[in-house]
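Consider the two complexes below, in which chain A is the common component and chain B and chain C are the respective partners.
On to the complex of A and B.
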């Protein structure tokens, strides 16, 4: 069934295929989408722990290591029987993860070198087997190449059962051991002192990674399978701090990217699924890296800029307030510039922000505060003095050392803190 | 279940090996093997650096992302293997390194995850570009995966005089010479950076600069390797020969040499394996290369697990034997005494009868045991065996004393530790411990400590501090003679002597130890003229004496707690 399915799609144009995909009417589309869904759920769930425990290379290693198992699984029946292929892949992945541990224990090699070694060794043997299969009769049409970069359209309904069962194992175990896994991932020492079997959990995670990899190879391919484990989880970790939300978001990112990647790869039968899914994941990650509300690079830069603008604005406001404190009811821009040691142009641009807020007015080149501006300036002045009082009374700083600190803090003292400081000093005066 | 062994062609030496090295095929064979060797060797050299620096993951990442550089250069119209491609690849490699660094230094993404994300994304982009522009780029995905080593020899040859080299081989040779030259020129810097980055930084060597240079070289090497082995198998060439070499030596220069040898072997055997089975030569090369690693891992002389388990097994055997010796000593099964039963020994040692019999057999061969003829049912210590057993007992009891007096452990806690360490202590260390403790006679439990079998000077010559109560001895030397010992008499008197707390010692004088004070260690001796004097520890160490009690009867040991026989 899956062999001629892409041919049907190729005859129509890109848009109709796109609509056809997203309507999920086609049975083949349903199968592929369901497969990707299962994959996204299992890898997304597990990936969070992989990333937290810095085992990222493990997914890559086991992904490549699956190849000889897949080939041997194929050779047993000389066709793509899901049970045999999955068993072969699982045996291969388990063997690789055991070997990684074994070589690490018995040599001075660092763990990344060991993983790279096992990865390349298994992949080399797998390459030999794969090219050998393509040479034998009937092997040419094996479709095993689809396992390298993924061909979601080749997922059959029997594959889905296998994938479903394996996903159930992963999700079930992670849910059941959620508390222990979180504890062991964040504070291994503490976890082991309260009796969490940390080592067993580590090996369990390795085994589950092997299973997740096996689920994923059909849809995204073994070369890029590590991205399915790492990227959604890393993206989710940029978005939130609560572990439950991290897992849920990671699954959501995985599902979204999987669907988008799948729909694009359906446009042309030559397009492998894996790279498109991974590329979508990368875009989602880049977006979150820049614009995550809390940890995004761009968001943080914007926050910093806003804060510095605010400080600038309020400093000018205070300067005007202090100039007015004498007797004049307006001050010249140029005078302000001299006072603040800035150019008149700079003062003007900051002043325009004050005007937009309705805190000041400009008449000719005379700056004047509005009532609201006056209130804010007084508030700032009061903040400044409260903090100065606090520093000299409670921290015992000499009075000539408090100015800089108080000037920084006056902009960010919230009403609650101000009340607390007031209460503190009132108590003292009583 | 299909019998897929039917698809394995029979191996024929002449067809699959010998004929390939004869005239019509010689050129193709040698060029292919040479190319495989060059690719693997160059990658292996860089791999040595990667492994020592713990940067294997970065190597993996760059070997993947270089694909993107290659695809972009090809799409922009650059030729395959041209200078533009090498520059593009070097830039991609550097960009990968910088991108990964930027990612994990500006966000909470950890380095390993950052590496994983960057390389999978860039690699995916490369594959997608190949997919979309399949018609225009002369690379397809199978190329990316397996390379094509066999086509190397088919290309247009590049002629230098009589020599004809296919262009990729010529390029790769040039690259190999270049990289080898650079590594040779900066060998010392590389050495310092690899093993001691802090020292390198303090010497002003800039480890970061060297790292970027290595990454650029790596990218260039990957481009050279790309056509023949593909982007993914390059990882194997980077890690496998270097890891093999790492298991065999601890010296950087040897590591380079061994990884080169491993590359040569894997190229040669891999080629023939691929030819025989008609499979991807790159895959076969990697398989051979990893088999070499397995061999080094199993049979390496220093760190191989076979060698390690042999060492472990030997130590176990020795421990069992030594325990048996001490057990016999405790039971008093010495030459003249009634012999011990083998099966009782096995029970008291907690060993199987076979292990006990093996230990007895090996000890008997060394002449330490006397055994009855009927399958060693009854055994006893020989004279040499008893000496050995006493040596062990001495180490054991001295260590117990040391743990109690210097480490402050409780008396009932020291036995297990001493039981383990007695097999490992060298004679010199035992004597040091003995000296530090003031040459005690008994351990904290009151058990006698056997006297040292070591003569300080020449056979039968000891320092006075090793004498026990009742020993008679003659002074034969006054050590390296500090001022207190020699005194004013040294220059005038031809017979060197010394004055110790009002007591004059001369060479040839006889003395007898009458009493010992353990803390501080003081020996009370009676001289031939009937004078009794005390000698402190540091002086007693320097006075050399010859014991007058014959050693044969002296070292008879019993376990009587009084220690009277000492």
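On to the complex of A and C.
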């Protein structure tokens, strides 16, 4: 279907639009970008706590549950008055969370089922009201249809003030109560024993979540609003182990994806903003999943590969060292190959790694160790012996069992552990 | 010392006629006990006896259906700073993005109160507490990479940072290595020498008589409480662990039935 667009025209058009967007000169762009910025900051901050407290599904439920309130807020004034819409959304969100709790207490249903139930019920009522609004004469221009999938260009300057005030409330409260929120999220029982009002904090978080949903709804739409709460925080959790950095990164990921998504949707006024923002978020998450320095799948594979290369390299270093200890100070590549039971080509490729490290030199087919190489080889040899001694003396492994373990561990032992091993054996020999 | 009748010093913890229900089912019936100061007190009993429930309801984590708890003669809400708590290790998510030091610092939050952030003094206290449990070198580690014993030590360091008169500990010896077990009991004895009161939920009958000055034997009701040599006897153990409780559990089921 999309192939019918005149592609060439689209592209040149797209480029100028793109430049127009990222120069932020347009008033419309400024308003939309500011709105997205505010929503990314507020959802990104709160999202961290929602994800860590396993309230993600609740965030999603609240996102859907605000729709009836938004519609009723519209109906009061028959126009998109931000304060009425926010109030309606809040009432609706509180009603939904109260209902979730009520059904939980009085049935034996578990919370996921109850949340699903309330979520879809409220969403149903909301869609019904929305359809009805669009039928009434004033409703056509209501701008409410942007609420489903998000239309950042529909954010008015008046909306911005409300969004700004609400974001300030969220960020301010989270910062002021940061220490208590972290404690209550990590260990609710302990928090409560030292007098932290954990229940109040829980309801406060739910209330703030409802507010964050309302802030986000115009730009990303209520169907995708939970992505703004969950994905940036989840991505940040893959990247770092410190709570403060989690919050900061979560906001940054949200802002980045928001801006990219907005710029894409800006290329064509019919594109909704939400899907592009969420798509960018998903891509950022995928990138982090693969390349997060510590936990990334690809990063771990690279680390493992480096370790195995290192083992191989150091084993060749040791072979040279051992054959040198016997006779002259240079050894032929072919002899080395026989010794290691590898082909000369394999040895040459590993040997080039040694040379790059400055551990060895090659003169013709004569391999020779440099001073640095010699030192590292001696160190490895010593680690090997230390570990072998540890295995036989302290683990009481028979001597024929120790060799293989020691071969592998000598490349891994850190300087601290080596010092400890040395201290142990020196003590004994005194 | 006065010769006239002086009201006795209130005990560290007094539990009066405490009944607690879990999910509408009574799990503790009419517990009446008063713990003496400066002792290591074991709470023992079979699974489902309500050991953790007792500790949690003393700490106000589970609402009492009837009865009350007093800490040095006052309700807990006014005495929170006097009571430290070591929850079960499994009760928290160890993947949480905090470091060992962050967790220990949480022990100082009670005294800090709202809005104040831990400063240099708190940091030093926390490093000292980590040293006491032999975890000083781990201060900047992320908690996910700790072993079970190390996690328990971190929880104990956090409790030390609370600097309380009374400590309630829920199964601190479960699933820890021998070295940690020895370190914990040593720490408990140090705290006892400072005249602090320690209430410890324990499940290992082998070590119980060696660890505790007094014992509370529990099986939904209070079976016995007293000095270890008096209560750690075969008849009382049989009474605690024996299967003579069907009537109580049956009654609990029926109570729950009328409430659902």
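One rule holds in what follows: the second predicted complex is superposed on the first by the 333 of 430 C-alpha atoms of A that agree within 3 Å, B and C clash if a C-alpha of one lies under 4 Å from a C-alpha of the other, contacts with A are read in each partner's own complex, and residues count from 1 in each chain.
Here is the rule we go by: a residue touches a chain if its C-beta (ideal position, glycine included) is under 8 Å from a C-beta of that chain, and two chains touch if they have at least 3 such contacts.
It should be emphasised that the depicted structure is a prediction, and the values quoted were computed from it without experimental measurement.
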item: Chain B versus chain C as contact partner of A:195, first or second or both or neither; value: second
item: Contacts of A:128 with chain B and chain C, given as first, second, both or neither; value: first
item: First, second, both or neither for A:107, with chain B first and chain C second; value: first
item: Touched chain A residues, chain B compared with chain C; value: B
item: Which of chain B and chain C A:176 touches, first, second, both or neither; value: second
item: Touched partner set for A:246, first chain B, second chain C, both or neither; value: second
item: Chain B versus chain C as contact partner of A:186, first or second or both or neither; value: second
item: Touching partner for A:237 - first (chain B), second (chain C), both, neither; value: both
item: Those residues of chain A which chain B touches in one complex and chain C touches in the other; value: 237
item: Contact set on chain A toward chain B in their complex; value: 51, 54-57, 59-60, 64, 75-78, 103, 106-110, 112-117, 119-121, 123-132, 135-136, 145, 148-149, 223-224, 226-227, 230-231, 233-234, 237-238, 268, 270-272, 274-276, 278-279, 281-282, 285, 289, 295, 297
item: Chain C residues touching chain A - in the complex, by the definition given at the top; value: 56, 59-61, 77, 80, 83, 85, 87, 91-93, 96-99, 102-103, 106, 109-110, 112, 114-115, 117-118, 142, 144, 158, 162
item: Residue ranges of chain B touching chain A (in the complex, touch as defined); value: 1-2, 4, 7, 50-51, 54-57, 59-60, 103, 106-110, 112-117, 120-121, 123-125, 127-128, 131-132, 134, 141-142, 145-146, 232-233, 235-236, 238-240, 243, 246-247, 274, 277-280, 282-287, 289-290, 293, 297, 303, 305, 308
item: Complex interface listing, chain A residues touching chain C; value: 52, 176-177, 179-180, 182-183, 185-187, 189-190, 192-196, 237, 240-243, 245-246
